[in-house]
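Consider the two complexes below, in which subunit A is the common component and subunit B and subunit C are the respective partners.
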Partner chain A sequence: MGNITFVEHDGTEHAVEIEPGKSLMDLALDNGIPGIDADCGGECACGTCHVIVEGNGVSITGSASDAELQMLDLTPERADSSRLACQIVISDAMDGMIARLPEFQM
Partner chain B sequence: MTKKCIIIGASHAAAQLTTSLRQGGWEGEILVIGDEPHLPYQRPPLSKAFLSGEKTAEDLVIRPATFYQKQDVQFRQDRVIEINREKQTVTLANGEELGYDKLALCMGSRVREINLPGCNLNGIHYLRNLADAESIKNNAAKDQHAVIVGGGYIGLETAASLRKLGMQVSVLEMEPRILKRVTAPEVSEFYHRLHTENGVQIINNISVSGFQGNSHVEKVVCADGSELPAHLVVIGVGVLPNTELAEASGLVVNNGIMVDEFCVTSDPNIVAAGDCTNKLSKIYDRRIRLESVPNATEQAKTAAASMCDSQKDFTTLPWFWSDQYELKLQIAGLSQGYDQIVVRGNRLTTQSFAVFYLKSGQLIAADCVNRPQEFLLSKKLIAENIAIPPEQLEDDSIPAKEILLRIAGKSGQLTFT
Partner chain C sequence: MNIVNLVAKQSAAIVPMPLQVKAAHLLYKTKVKLGVYTEFPEFVEAPVPDVSTLAIEDIDVSNPFLFKQGCWEPYFKRLRDECPVHFQKNSLFGPFWSITRYEDVMFVDKNHELFSSEPFIVIGQAPKELSVEMFIAMDPPKHDVQRQAVQGVVAPQNLKEMEGLIRSRAQEVLDNLPLDKPFNWVDEVSVELTARMLATLLDFPYEERQKLVYWSDLAGGGAQSTGGSNDMDELFKGMGEMAKDFSLLWRKKEAETAAGKKPGFDLISMLQNNDATKNLINTPMEFLGNLALLIVGGNDTTRNSMSGGVLALNKFPDEFAKLKANPSLIPNMVSEIIRWQTPLAHMRRVATQDVEVNGQTIKKGDKVVMWYASANRDERAIDQPDQFIIDRKGARNHLSFGFGVHRCMGNRLAELQLRILWEELLARFDSIEVIGEPEYVQSNFVKGYSKMMVKLTAKQ
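Here is the complex of A and B:
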């Protein structure tokens, strides 16, 4: 078992236990992380679960799909390692990953 | 003494409301009363990923039981039959009365039922709840005939999902074109063609006069005398807001429970959120009742703030989405009242285009098929009332991002609100 840490824009940290197979968005929702709106419930339709992946997460989470990239491309706080949390499936290998939350979701 | 909040309806709105209440500092009791044997779950996938088998009932749960336990939120499967605003109580089906300090109405909507000969035969379904979707799924059988009554989004999504399951699908639409109530002819034509190409038969200008079969439906009879074989029928002809309880308690109801900008009803101790409400849209400057998840979520946040004695309106531009086959349609805004249509991209030869709806030169809505950037651009243009020349919207050689950056150049920064 390991942890993924969500960091809010103001620096507040939330370390939560990894649940393999779940999406990063669901993990955030299930743990009540503020700052993930997830309006569409994980359909890659709304862009409101933007996270910036740090730590060892970048290589492990893989790359964004075309649809995801197009959504992210217009995100104001876009970074190189931006992802939509609904499109990341959690694995044990993500222990220690940091998911930074933007100030505003779309 | 701790305060008690009762939420009626274990819905999308309720799931958000409980979370936002705790985040907003509500320390009292929270009790959610719903009539289904489930925690709040995602409804949109019922006609899509759930029906086609890509998601299970477990996948649909918005938040797990452990989350609500941690937040000290109670659930009770029951039905409220009366609200007594003077005594501040709700009465359950067994006569039990529960007191509240604050009450939240998140009762959603229910399907519009049709009353035609044979409408109670087995195999005839509506689609609103998990139980509905489960019974449709159980009744679906490869190569058998399915007839969908109503060519709206629910009907078309169901058609696409049943097609994926290998059924022979027909869609019957009373109007001259599918999606007539919500889209321009250009979009209706596209989806008509898409479904036809995927083997779905769409028949416009046809009304159903009844259903025939022994105990299980066998055929659908139309007003023009034609008959269609049917092993499975799904009726999708719209929904009605659940407002009867509110109305009986004396709350002001007019096509939805009337709420102010902070989702407070005509009783200061009662808020309402989601499909069952009627709220003023500042963007469109008229009262509207919306049937959508983002609306339920935003109104729930707004209602929670009101219950925690702070006033903040979280509602934004209405938006919707629809998945059919591999295509994602994202809809920004409400197109009613448009006087001009601008199409970006080729809707005849590609499966990626956007249709912009303008009124007096201002963008009021957009239907974006596999065009997420145009969708995000439209949300911003409509919400902030920014005018873009129609020629630019139409010109597919100017990327949506560039239009956004041009606007940002004028106002100084690229932000979404």
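Here is the complex of A and C:
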């Protein structure tokens, strides 16, 4: 077992226990993390589950698909390690990962 | 729309835009006279038949009176249940497929490489002479570049700057409404607030804000495009006027900045401050297209959500009581209003290759219409879809803003405007009572209200 930490824009941290196989978006929603809207319910079609991964997350989560990159291009707070949380499948290896939330989802 | 194909791109920068529109109008009229174009017939209203009396292949949901006569729900329910991917061979708008279930609409909207947004995103078409270039009707990569150039103006960071002004402009309208006396909510509140919001967004001369409403109503209401009742000559005249006013506004802003004025948070200032778009006026079709898209996109959609919310709370009075007891439900209710209303009934695509959707084979080149109005009532995806539930779980998962790369760019602005409206209404009024039946717009695209009488009671 391990943890993933969501960090809100104002710095508030939420450490959440890893559940392998779940999407990072569902993990956030199921744990009541504020700041993930997930309007399309995980279809990679809205961009409102935007997170910026840090720490070991960048290498472990792999790279985004073309469809994901295209949706990310439409988010105003896009950073180099931006991902859509619904496209990340959690594994035990993500212990210690940090997922920063943007100020706004759009 | 591509305001004029008569002038080559270079000369397009030299010939003033309003003259170009005039030339396009002349060309259009000549083509009609010569019989190159037949004028699209005017729609004559007749009672819409009961859907249960029709054979499935005769169902035609492009009928622009379906929403006007309030009989759309059983039509789409029958399609969802019996023939969710439905082909209509000979509508007045030509043959088209209807996609009516949530899951299938999501599939089409997501897959822009299978379903193109070009050349147009409503069921019918616009006259070729009057097609300004709007990125809503472009495919990637061109779409992405153009959208990125303007979306900053409606991004949440920028909205924060505008919220105060939008709110004070809304308060002014609500403070001047009559009490205990019926008035038309559509004109006095919905149209007025939307005009103020759009004028704020564009920093358009405030006293002339009704023009924005007029132009976008014109652009969205042609018989040939959506079964509306607008006149072609008026449309061309209006677009010419719009071209003129927008170019003046651009030049005025340019001069102000040159004179040392600090640029604002409005659309034109943002465009002029961005290297990619600071010379946009030299490509008039794109310039006009981008401005027109913002006012057309933000106009009757927001307006009809403002009216729809009032109607919904009248049809479901327990929800109004719930709201008054717990105003923190407003943001969730705003999403539910937008789902329940579904201000834009459809978006259209064209299949780029043969593709199977839910067991039907759609052929390359076929028109495909995604019916958001139906998908938002799909029992398979939404619990009790006909009910208006302000604390609905997953209220944000509606389809009214579309999904995929064309997902509504103004969604946060629309939500902001509606949230402000309801916060300010609750602070002032105890009851907002709809008197009689509202009147609905004639269109197969805009799902909205032309008139709704309302009586207000002040808060004790």
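Here is the rule we use: the second predicted complex is superposed on the first by the 106 of 106 C-alpha atoms of A that agree within 3 Å, B and C clash if a C-alpha of one lies under 4 Å from a C-alpha of the other, contacts with A are read in each partner's own complex, and residues count from 1 in each chain.
Just so it is clear, a residue touches a chain if its C-beta (ideal position, glycine included) is under 8 Å from a C-beta of that chain, and two chains touch if they have at least 3 such contacts.
All of these numbers come straight from a predicted model, not from anything done at the bench.
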{"item": "Partner chain in contact with A:L74 - subunit B first, subunit C second, else both or neither", "value": "both"}
{"item": "Contacts of A:I90 with subunit B and subunit C, given as first, second, both or neither", "value": "neither"}
{"item": "Touched partner set for A:G32, first subunit B, second subunit C, both or neither", "value": "first"}
{"item": "Doubly contacted residues of subunit A, that is, touched by subunit B and again by subunit C", "value": "37, 39-41, 43-47, 67, 70-71, 73-74, 76, 104, 106"}
{"item": "Subunit A partner contacts - residues on subunit B that touch it in the complex", "value": "19, 22-23, 42, 44-45, 62-64, 66-67, 70-71, 293-294, 297, 319, 321, 323, 328, 330, 370, 372-373, 376-377, 379, 400-401, 404, 413-417"}
{"item": "Subunit A contact footprint on subunit C (complex, rising order)", "value": "106, 109-110, 140, 144, 147-148, 151-152, 155-157, 394, 396-397, 401, 403-405, 407, 411-412"}
{"item": "Residues of subunit A that touch subunit C when the two form their complex", "value": "37-41, 43-48, 67, 70-71, 73-74, 76, 103-104, 106"}
{"item": "Residue ranges of subunit A in contact with subunit B within the complex", "value": "29-32, 34, 37, 39-41, 43-47, 67, 70-71, 73-74, 76, 104, 106"}
